[in-house]
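Before I ask anything, let me first share the structure, which is written out below as structure tokens.
Chain nomenclature is as follows: A, B, C, D, E and F, assigned in order of appearance, with residue numbering initiated at 1 for each chain independently.
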Amino acid sequence: MPVLFDLPLSELRSYRPEPSGPADLDAFWRATLAESRAAAGAARFEPYDSGLRTVDVYDVTFGGYAGQPVRAWLLLPRHIEGRLPCVVQFVGYNGGRGFPHEYLTWSAAGYAHLVMDNRGQGSDGHTHAVTADPDPSGAPQTPGYLTRGIGSPQTYYYRRLFTDAVRAVDTARTHPRIDPDRIAVLGASQGGGTAIAAAALGDRVAAAVVDVPFLCHVRRAVRITDDHPYRELATWCRTHRHAVERAFATLDYFDGMNLAARATAPALFSVALMDTTCPPSTVFAAYNRWAGAAKDITVWPFDGHEGGAAHQTAEQFRFLAATLA
Amino acid sequence: MPVLFDLPLSELRSYRPEPSGPADLDAFWRATLAESRAAAGAARFEPYDSGLRTVDVYDVTFGGYAGQPVRAWLLLPRHIEGRLPCVVQFVGYNGGRGFPHEYLTWSAAGYAHLVMDNRGQGSDGHTHAVTADPDPSGAPQTPGYLTRGIGSPQTYYYRRLFTDAVRAVDTARTHPRIDPDRIAVLGASQGGGTAIAAAALGDRVAAAVVDVPFLCHVRRAVRITDDHPYRELATWCRTHRHAVERAFATLDYFDGMNLAARATAPALFSVALMDTTCPPSTVFAAYNRWAGAAKDITVWPFDGHEGGAAHQTAEQFRFLAATLA
Amino acid sequence: MPVLFDLPLSELRSYRPEPSGPADLDAFWRATLAESRAAAGAARFEPYDSGLRTVDVYDVTFGGYAGQPVRAWLLLPRHIEGRLPCVVQFVGYNGGRGFPHEYLTWSAAGYAHLVMDNRGQGSDGHTHAVTADPDPSGAPQTPGYLTRGIGSPQTYYYRRLFTDAVRAVDTARTHPRIDPDRIAVLGASQGGGTAIAAAALGDRVAAAVVDVPFLCHVRRAVRITDDHPYRELATWCRTHRHAVERAFATLDYFDGMNLAARATAPALFSVALMDTTCPPSTVFAAYNRWAGAAKDITVWPFDGHEGGAAHQTAEQFRFLAATLA
Amino acid sequence: MPVLFDLPLSELRSYRPEPSGPADLDAFWRATLAESRAAAGAARFEPYDSGLRTVDVYDVTFGGYAGQPVRAWLLLPRHIEGRLPCVVQFVGYNGGRGFPHEYLTWSAAGYAHLVMDNRGQGSDGHTHAVTADPDPSGAPQTPGYLTRGIGSPQTYYYRRLFTDAVRAVDTARTHPRIDPDRIAVLGASQGGGTAIAAAALGDRVAAAVVDVPFLCHVRRAVRITDDHPYRELATWCRTHRHAVERAFATLDYFDGMNLAARATAPALFSVALMDTTCPPSTVFAAYNRWAGAAKDITVWPFDGHEGGAAHQTAEQFRFLAATLA
Amino acid sequence: MPVLFDLPLSELRSYRPEPSGPADLDAFWRATLAESRAAAGAARFEPYDSGLRTVDVYDVTFGGYAGQPVRAWLLLPRHIEGRLPCVVQFVGYNGGRGFPHEYLTWSAAGYAHLVMDNRGQGSDGHTHAVTADPDPSGAPQTPGYLTRGIGSPQTYYYRRLFTDAVRAVDTARTHPRIDPDRIAVLGASQGGGTAIAAAALGDRVAAAVVDVPFLCHVRRAVRITDDHPYRELATWCRTHRHAVERAFATLDYFDGMNLAARATAPALFSVALMDTTCPPSTVFAAYNRWAGAAKDITVWPFDGHEGGAAHQTAEQFRFLAATLA
Amino acid sequence: MPVLFDLPLSELRSYRPEPSGPADLDAFWRATLAESRAAAGAARFEPYDSGLRTVDVYDVTFGGYAGQPVRAWLLLPRHIEGRLPCVVQFVGYNGGRGFPHEYLTWSAAGYAHLVMDNRGQGSDGHTHAVTADPDPSGAPQTPGYLTRGIGSPQTYYYRRLFTDAVRAVDTARTHPRIDPDRIAVLGASQGGGTAIAAAALGDRVAAAVVDVPFLCHVRRAVRITDDHPYRELATWCRTHRHAVERAFATLDYFDGMNLAARATAPALFSVALMDTTCPPSTVFAAYNRWAGAAKDITVWPFDGHEGGAAHQTAEQFRFLAATLA
């Protein structure tokens, strides 16, 4: 129902719900990242024959959460010399790194482009994944990934995915063709939520490009929309009634609203007022808490979860050109 | 669309597609079961306060696949003395053992009743599960369980679930109140496919009660229906196009059509002619191959996947009373 | 659409719309019940071979509205001696008494259990009915039962069903194995609305167990939800535009909001905040008006019309054990 | 799904399934009609202020089944003199006689026009009914009218409706402005099935106009479509499994395929090849059995249940002008 | 979702959003009409054999926008003498003038009845059109008519349709059987919006009958409903993001809210509170701005876009009889 | 419904329905193309600032049908020297040329890439169009483009679009950076049907890449699927019943089955067996008639209209590299 169903724009602009981050949120992530970095060896960048002629493609394997192998593509514009600014992209729910020729935007725009695979996802008919998610718990879960291991922050799926994301930024920084001070994170939907996490938890992220992000203000989202994937969480709560508070306590460690308050990089967000997948109030809840002062948000009044789509890409060209210049 | 969409009944009666079982199917299962039995310790039966007054309930933990802990309920009719015939029940897709008071039929009918939990499932709004599925691969999968680990028979989800099922029968046999020679397996949909597997692979199963079974003649099912859960497999194939044959090769080890040819216990099947979840031709493909001579199938002409429901239960009362008498 | 669509919980807790009961509501029911009781003979309890071994089942025929024959099952736990507390259950919309083995909860919990058939219903694919509803008017109606005879309280379907319900309680009280002072009424949805009526209009009901009740605050319900069965009423109003007020005037005699104000037994309600079939404000409208002081309501925040399901049953075990002890 | 889903047109042209009429079909109807005619008094024709200026409208009450009062409109073109040919129209499922200004076609075309109300129907948001259906059984039924009293031909709803239809023709014949030898019956969907019955069972019907008729070859219809209203029958069968054959035995007395073989008036049928409500094979099953030699059928290849709509009306103008000239 | 989704009736009664009409609205229309009238020759009224006997039908061709040929039916009650009051009817979205026998109401009620065809529409399965819309721009548009030429008021589709409507009134006035002082405009949905325009912009319109009008308060409508046809506009805005304001600026010249303020004829509106196609607040926005003092609005509380249907027709009989007497 | 609903693959391989091309098909197209080429001036290639750094983008305007201006993008890989092979791409239904950054595949693969805009389309929420379709008839049409001007081949929309396509190839050939002997046409769905037309009717097309093409064997398609856009045609036929044969006669000039028999370039097709938008039999009808001997078709067994998607792109890299080398 792509109509205005959430708060009016005037209220969204100033919507600032109380953060729900637990006291040990920083400690949790500090420990997680330290352990994972310690477990990871050097990334491998293997040349890959993609059939393309203006882009050099590398099949990347780096150590993600707990040092587990995570795959990515690195695309370098073949004919541009010198150190490049880099876009590290995180893919949406159910997607994966697919083929290199599905991710041609940023190398064509002159950036090194690292596309991180989504562990265990990428099996829903579009971009496929090849990275495994060795699940440490295997606890009962609603089909999908949103409730995988939700019983505790230690076992939660997004602990692993967000750590992978931070490690993807680390990995980009190690490549000789990439300028370590000009790395941006970027993503839409789950990729947007992951970009928030990477900006908040990663090192020296120079810019964040966040479209219609998922996993923000989850306590509200699950009550105002029935669309996938938030629906998976409602289904889980409906089944495991006595564990509901535990699930939300887990989610607090990962909620974009809580993480955004720790992110300081210049940021360009986008939000769509008819988005029932990631309702606008949940996006603004994160955006309004974003700690960096250099931030902007594009509002698409007639869109659903597709958001600004290619129109927003044009905005991003301008934003990144200015920010990473 | 509860209409007749599959073959006409007259053709279904004699529908016998070629089995697709691989040469090492028996060896595969023999090894799997042997290893799992070796790894399993004795089952625990802990009294459980269910709020019921005519049934004694035990919270059971037994060693399933690879000896991993699997939960079950054991319900014993409190006031019936002596060794009891037993029904071992397997639950449908997305379900779990739930509460004991959701499974009162068979103890009321005078049977010991063991309800096995579904590892990793039970999170879809109805009967919940508490058993984990420590996934040895974590490979990318379509949301659900049907494609979990489908890359090889070694890692496939149903290797673990079917082994749990055989072990559930083993477990029932160890209980002092249960007559080891009068154990039936029973289930509908995924539970029916699991019951076929338990009857084919387990020891001394005395009867099988199989309703509208899932996972039979999968190569056909995925081409003639788009309903969940077969749809998950089509989605997986659409994504991982170059791994499709590998997936079907995996499924051959688990297909009820192949396993039924190894099952000899007296059996009562049911099938519904308007069932788009488990199409009737796939059910007959298994039924017609069932090796035991004492078999019958109830045909429900106007039903979808609900099959005979409570009407079929009445048939089952008669069948089990006669078979396990 | 399992999202929060009705009033917020804080407002629901104190939501008390004006009752709409007509001045002669009590007189109407007094006369109706007196006539029906006068017309009814003694109930018949015929032993029934249900295939069960821990429960004695009786096929009951009692005189309901206008003494018309109404069927029920009586299930008695076979091995428990003495006078038993009793649960009289009313079944949901479109359902019927079905098979005894579809109603095993309460005998297993140690109660006598009388399951009343729904006159004229029970033909929608699940529990079937066998009781006729000799309709005294046959006036044009929207498919279903909600608008059957809605032209006046005299001819309205629920006059007959609610009278049956009061008579079911009367009937339970006549059985020698049932303790006449420990009879509870219970039901969900239409069964919940019927339980409210039975508690309000019946004699000496000792407890009421009411889940997500239907037929409460109907004037509001029909305006805020389009789900069946309330939708039938909207459809009727759309067709018979000049008779709308007459229909609502009829409904006032049956509205749970009005009847609850006449019910004094200890009560356990449940409500689901995402229930679009019986919206939460309509449930609270009845609950908040319930005249008995010993009342409680379980709130399920993530559920639709399934409400607390088996989780709520566990609550009911505790409530009835304490109340009918 | 407005696609070709049934037999190809070439097969439909010669599709002649075996009739299923019981041996006493004629006796059943002879007795029913005789009793009803005996019970009926003279019809009343009361002038009605319709707000129209070219049509005289009468509110008609005649004795239908068992002499029960049935309502109708009679519309007479005000300015045409002499005895008029007459169209007796039967309304579709869930409809009623509504307002006179909803039925202006045939008086404008120069016919007397009698529109019979549908007893008990007319409550679904479009044309409303005012005629009651005093139901002699009240047996459990699926919401709707198709399974009302289906337990026996004596109690079946369509016994009453079809008798009303024959009586409507009788009634038209008694009016001084109507030429008794030029009475046509007409209807679409349920109205078409009713027109078949009226032509087969009524006296001296001069023409039949039958569009996309319902209630023909029901045994097949219920297996090849899930659309309402046939779906009601499938639902009933799913619930009352042990009474299925009884239901079909009842239907045989009313099936248009069986009745058409008794109809000899000139007839114009229409059928739509994409009609999933009344599948084309079921229409041809009746048409091909129609006993009259002067028959034709218009085939609409791209239509669903709307059939030829206003295009077919133009055909009917020509057919009736020629037939009743 | 036929529930109350818009403002409550009490607020609707006084809902008066700011008009959005541009300064040159009157000049725009004055010029448009002057040019079109200058380009138009005399209308042709050709007798048409409709198969009807109480109505004389003429196939009308008149000069509409830019003098382009527009078709209409004129129906005259054959047997009523003298000058007749006239109803000029505009048809709903996707409809056309169809067959004369689809428009029998008003001639039967004693009016001359002119049914204007919808240029370029009439191809959606119901009433067909035969009038072309020689599109002066052919600019990219969302399927449908709502965004055809929306880039400027000069090229917008409704400039042409509304001009046709004014010219239809002109045309009726030229017919010798029609009383030029008793011409009413009438329509529902798009026909209602067109009737508003014709009343506001046309000459000497004696009455306006407006049901659930489309194209009123469009800026709000497109944000609160996703139903067709407003959805087409949202889709267009989603695609042509940088032209959104231009589109709304175009719409302001055609918005019923702005035009109603220029209409002074006695008017009967209707509105349906559950209408998601033309939400009630948008209808009241036009009604409350209607400049004529003799106005009334019928409120249908339980209806969707069908509005009052035949019930409203009865109201209209009374209104027009009184107004045009 | 992604299941196998059309002919089995073995029959599809040899499915060769009779062509339906009219006798003057070649003459029709010869005249149309000659006139349009005569009317067209030289194309304009204006540099465009796309924000990309590895691609030079030109905003192209060329003379299409009747010399009318048609827009396109030309993308040239910036750093590859010399004459380039060229891919001329036609966009799917409802799409347009959008932004250059939405079409990065082929320049990245080393080709000149000309993306032709779809006249009048491009307004459905994804890639937008800017090219007008000055419609010479404006005849009533079903919303969409499939029935625009369908009354005759002269006025039909696809006469204009297909002519544009041939002219796009002409235009590419005039560019100094493009090798005139290595021009391929490419498209999916409507773009595939257009590519067939361009290959059949254009000059010296060196290769054709055709995915799941639309507009092939239309007479069959409209009878076996109800999906858009074929549904528009069924809707049109349902409305304009007496013009149906004329519409199909028009379509015969444009049907890919008829045009393919005139195409001799090496071709790579793809087809999806679960494609209900462009059913596989209609694709094979064109493929099997393709006149060139060097042809191949990729069959995707588990896909709907998305076809091979990025997997097929990889096949196309190989095919075009080999064919245009």
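The criterion applied here is as follows: a residue touches a chain if its C-beta (ideal position, glycine included) is under 8 Å from a C-beta of that chain, and two chains touch if they have at least 3 such contacts.
The chain list, named the UniProt way, goes like this: A, B, C, D, E, F = Acetylxylan esterase.
As the structure is a prediction and not an experimental result, all values here were calculated from the model.
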If a chain touches chain B (Acetylxylan esterase) and chain E (Acetylxylan esterase) alike, it appears here: A, C, D, F
Repeated interface matching B-D, over half of the contact pairs identical, chosen among D-E, E-F or A-E: A-E
Taking each chain's C-alpha mean as its centre, the one farthest from chain E (Acetylxylan esterase): B
Chain separated most widely from chain D (Acetylxylan esterase), comparing mean CA positions: A
Separation of mean Cα positions, chain F (Acetylxylan esterase) and chain D (Acetylxylan esterase) [Å, integer]: 50
Chain centre separation (chain C (Acetylxylan esterase), chain D (Acetylxylan esterase); CA means) in Å: 39
Euclidean distance of C-alpha centroids - chain A (Acetylxylan esterase) vs chain F (Acetylxylan esterase), Å: 37
Multi-partner residues of chain D (Acetylxylan esterase) (at least 2 other chains): 125-126, 238, 306, 311
Topology of the chain contact graph, where touching chains are joined (line, ring, star, complete, other): other
Pairs of chains satisfying the touch condition: A-B, A-C, A-E, A-F, B-C, B-D, B-F, C-D, C-E, D-E, D-F, E-F
Touch list for chain A (Acetylxylan esterase) against partner chain C (Acetylxylan esterase), complex: 222-226, 231, 234, 237-238, 241-242, 244
In the complex with chain F (Acetylxylan esterase), residue positions of chain E (Acetylxylan esterase) that touch it: 94, 96, 119-126, 128-135, 137-145, 147, 235-236, 238-240
Residue numbers on chain B (Acetylxylan esterase) that touch chain C (Acetylxylan esterase), as the complex places them: 51-55, 77-80, 98-99, 101-102, 104-105, 107-110, 125-127, 306, 309-311, 313-314, 317-318, 321
In the complex, chain B (Acetylxylan esterase) residues that touch chain D (Acetylxylan esterase): 1-4, 274, 300-303, 306, 308, 311
